[in-house]
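Look for subunit A in each of the two complexes below; its partner is subunit B in the first and subunit C in the second.
Showing the complex of A and B:
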């Protein structure tokens, strides 16, 4: 999607591009780049408040008017869903500021590991030769099981307020600590609907992501679904639908 | 206590803020009349401290207003009125002044002056002198502790239409279970902090989305 240019130096939108020696706020550092947006780490208001800057640069190949409209739409859609989640008590990054003309969104900084990293740490034995390794596994297994339960509850909470994440992978969830709350991030593809189909597809995407993360993780995913099903009224129906989705894949309409 | 505090917001080093916080101000009507007549000496963002939740809440409005100023997108007359307007969750300018600005029975006020490259003679000293001479009130610190005392959380909730989750009826009986699966004593600790912090996060989100 991005024009094939080896541009490492990305230009930032105002006001993040005007950094002088007198400015105490840190120059934003690039964290990750997707097809649509660049994510930087920077600060908000004071140098001690870290935050994430999600910048959607304009695409030179799009007509300027269309480009502006799409950027605006996508930033606002993401921000609206995040504010809605915050209002309903789902843990997501808070929206700190937004400028849809300049194409950026400032989000609360969420510390922690991604679920993917947690799983890797859990499931990769550091010392396979140690005979006591198997015995050490038990407390960790319980911890891991609880982590799965909390993932299920978090996704259920999100779905119960009619929000579909749209890109639910193990990289989009951050537990602030292994025992702590799980925060969902990256709502760039989120939509608001209450249809079981959408919920089921959301779960299916997460299931595939689990399977891709680690062979043992597929087994663990059952714990996620168990917690999910019991957590809210529509949970069981969504799970039923998930079985259909598994058989045919993510896309229902066979167009495209 | 410093009557006026100078600070620069992150990413906006060219627009220093000079903020005076005053409690029990006696001459609010006078200050308001100066604003209404457009006296340039009284060009401040005058804000009712009762509707300010925290320093972050206040400064986020300044950030948005200054960003609008630098992008030539002011919706109101100047950057100072834009700060008051930025606090409001909707696009009605007159209403935002009524709710977040001064009215005759306002008790505690925050006065903000934004420095610009075109106004080099505005300094912390000049703002302090002017405010100390013309605001009849007790100087207070620009700090969360001040706003914790002057702020009226119930009114703030009402202005931003944010229901109190704890008093609102849960929609289903399973709601408590959904609180991210964290139950027990550890979720009770720091709950108060989380509550204010969460209210602040929602407010910042609503302010950021305003005008969309």
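Showing the complex of A and C:
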């Protein structure tokens, strides 16, 4: 569901608020408003370098000390995880600049479609009742299967370096083209841990997102898990844990 | 229609009588509901096939009585003593409520769960007894659903995100296709439990409620100290926060025992370094309420809602209401909250939710009128909403 559009105009911190009226192309455009951050598309250094600006405005309801501390902590954590991923070869947006006092993080612009859009493009135009997408002779089916495999490998790579995405949905992964490398985005909830439980919950969230995206996508998800399980040492264990997580649905029994 | 509601899932014993008035011409009943008397053999199962949405009810509160078991400062309420309290008071409260209502009841509603076992059982026995004496149907009610329905009706909020915060529960709830779905919840103890136990640490009175007394002290607090901040997606956790603030309270107590004051550097100046009990209460409130507002905001962004309803005992807290109001305002929405009559556990909410279910044809068979400590909000089929 689309998040509600902000009813109150947000004023960006400098230097993003000083675009000249003559050059409208440089004005940051709002892409999404999440619970905490607003994501803008803007340019940096040169007018032809697009980038994504993630701005965390201060929250009026929070005590100023708490607010400053949380904003700083979260921007730094996100930047650190991104830098770490890049160092280890996981494809993520590069960190271009950050100001944790002012509350913003500037990231490389990643062109491409979200996995969700790719799936929609694959699955919607044709009658999804027909088994065509399951037929291995179909070139589209083979392409789709390969996409699933690459999603599995990407997530496995991320987990193998001890990073948990925290909000892995089909909107958070962008293949630059349908056959291209998959880039993971939005590390706002990422944590660094190597526990099977966290990996399993990450996979569970992705599984639910697949199921919510498209009825046929649920079956495709098996391809993701297959690739995931064989990709690194802890993969099988994480999948085993996923079975437990599925059973309890990430919920605890209420005590009262 | 009239219902008696009995609530006793924790230390409050509540007895309420509610009346659902016939719909005014502006809210005509759907044609299918022209026969309000339910078939006797209806079970919860068959209801799943036949939702029976009701218009927003017009209610009249005929009685809303409560008696609270207050334990001495520094102690909590134990199951056995609380159950004894409920058994001691339930007959008196029911008699008093009936005197106020003086009209014919349609059903007897009681809290089936979740809650503390012994107090729940004490009240379930009372409900069974009076229903048997008077030959009335019994309706077992989920405590959380009671809070939600009462809050929705009192504030006339149609489809809000619900923050349910009390001594036993902390949940973010949104309604979707006949269920109240839990989007986020505490991973360990409830926020109210965190406050209650800190009140015990400080030896604050439990009268009228530990949380209320913390709120009064917090109003005089100035200094915000560093506490853990435990939000994980739409879930949160309070165990580590309680442990940290307890350590601070112990430091403070030791300093005071030695005849001095507890100073924490960073307050800018000799006198401002002094930390008081009021500062601890302030710190605890600011931190845990910021967490609650944050996860509520995340749920709102997730489902695209802009109304918030706060229910449960902690929902009385004015600072929480104020913070939630600021958040809702920045999203172009509004916050709904009720006062202590409906926020804190009461019988009227059980009567109300029970009567809503009863009007859709639901009742609990005598052999099923048990109670349970574990009863999730999303287990209840909400047949009375579209």
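Side notes on the structure shown:
Note that the second predicted complex is superposed on the first by the 226 of 256 C-alpha atoms of A that agree within 3 Å, B and C clash if a C-alpha of one lies under 4 Å from a C-alpha of the other, contacts with A are read in each partner's own complex, and residues count from 1 in each chain.
In this section, contacts are C-beta pairs under 8 Å (C-beta built on N, C-alpha and C of every residue); 3 or more make two chains touch, one makes a residue touch a chain.
No experiment lies behind these values; they were computed from the predicted model shown.
In the superposition on chain A, A:33 makes contact with subunit C only, not with subunit B. Taking subunit B and subunit C in turn and counting the residues of subunit A each one touches, the greater count comes from B.
In the superposition on chain A, A:172 contacts neither subunit B nor subunit C.
In the overlay built on the shared chain, the residue A:189 is in contact with subunit C alone; subunit B does not reach it.
When the two structures are aligned on the shared chain, A:71 is found in touch with neither subunit B nor subunit C. In the superposition on chain A, A:150 contacts subunit B only, with no contact to subunit C. Contacts of A:213 after superposition on the shared chain: neither subunit B nor subunit C is touched. In the superposition on chain A, contact of A:61 is made with subunit C only, not with subunit B. In the superposition on chain A, A:100 makes contact with subunit B only, not with subunit C.
Comparing the two interfaces of subunit A, the one with subunit B and the one with subunit C have no residue in common. Only residues 14-16, 18-20, 22-25, 42-47, 49, 76, 79-80, 82-83, 86-87, 89, 91, 94-102, 106, 108, 146, 149-150, 153-154, 156-157, 160, 180-182, 227, 231-233 of subunit A touch subunit B when the two sit together in their complex.
Residues 8-14, 56, 59-60, 63-64, 66-67, 70-71, 73, 162, 165, 172, 174, 177-182, 198, 201-202, 204-206, 208-209, 212 of subunit B are the ones that touch subunit A when the two sit in their complex. Interface residues of subunit A, counted against subunit C in their complex, comprise 1-4, 6-8, 33-36, 59-63, 65-66, 69-70, 166-167, 189, 251-256. Within the complex formed with subunit A, the residues of subunit C that make contact are 9-10, 113-116, 168-169, 182, 185, 187, 224, 226, 229, 232-233, 286-287, 290, 293-294, 297-298, 300-304, 306, 322-324, 326-327, 330-332, 373-377.
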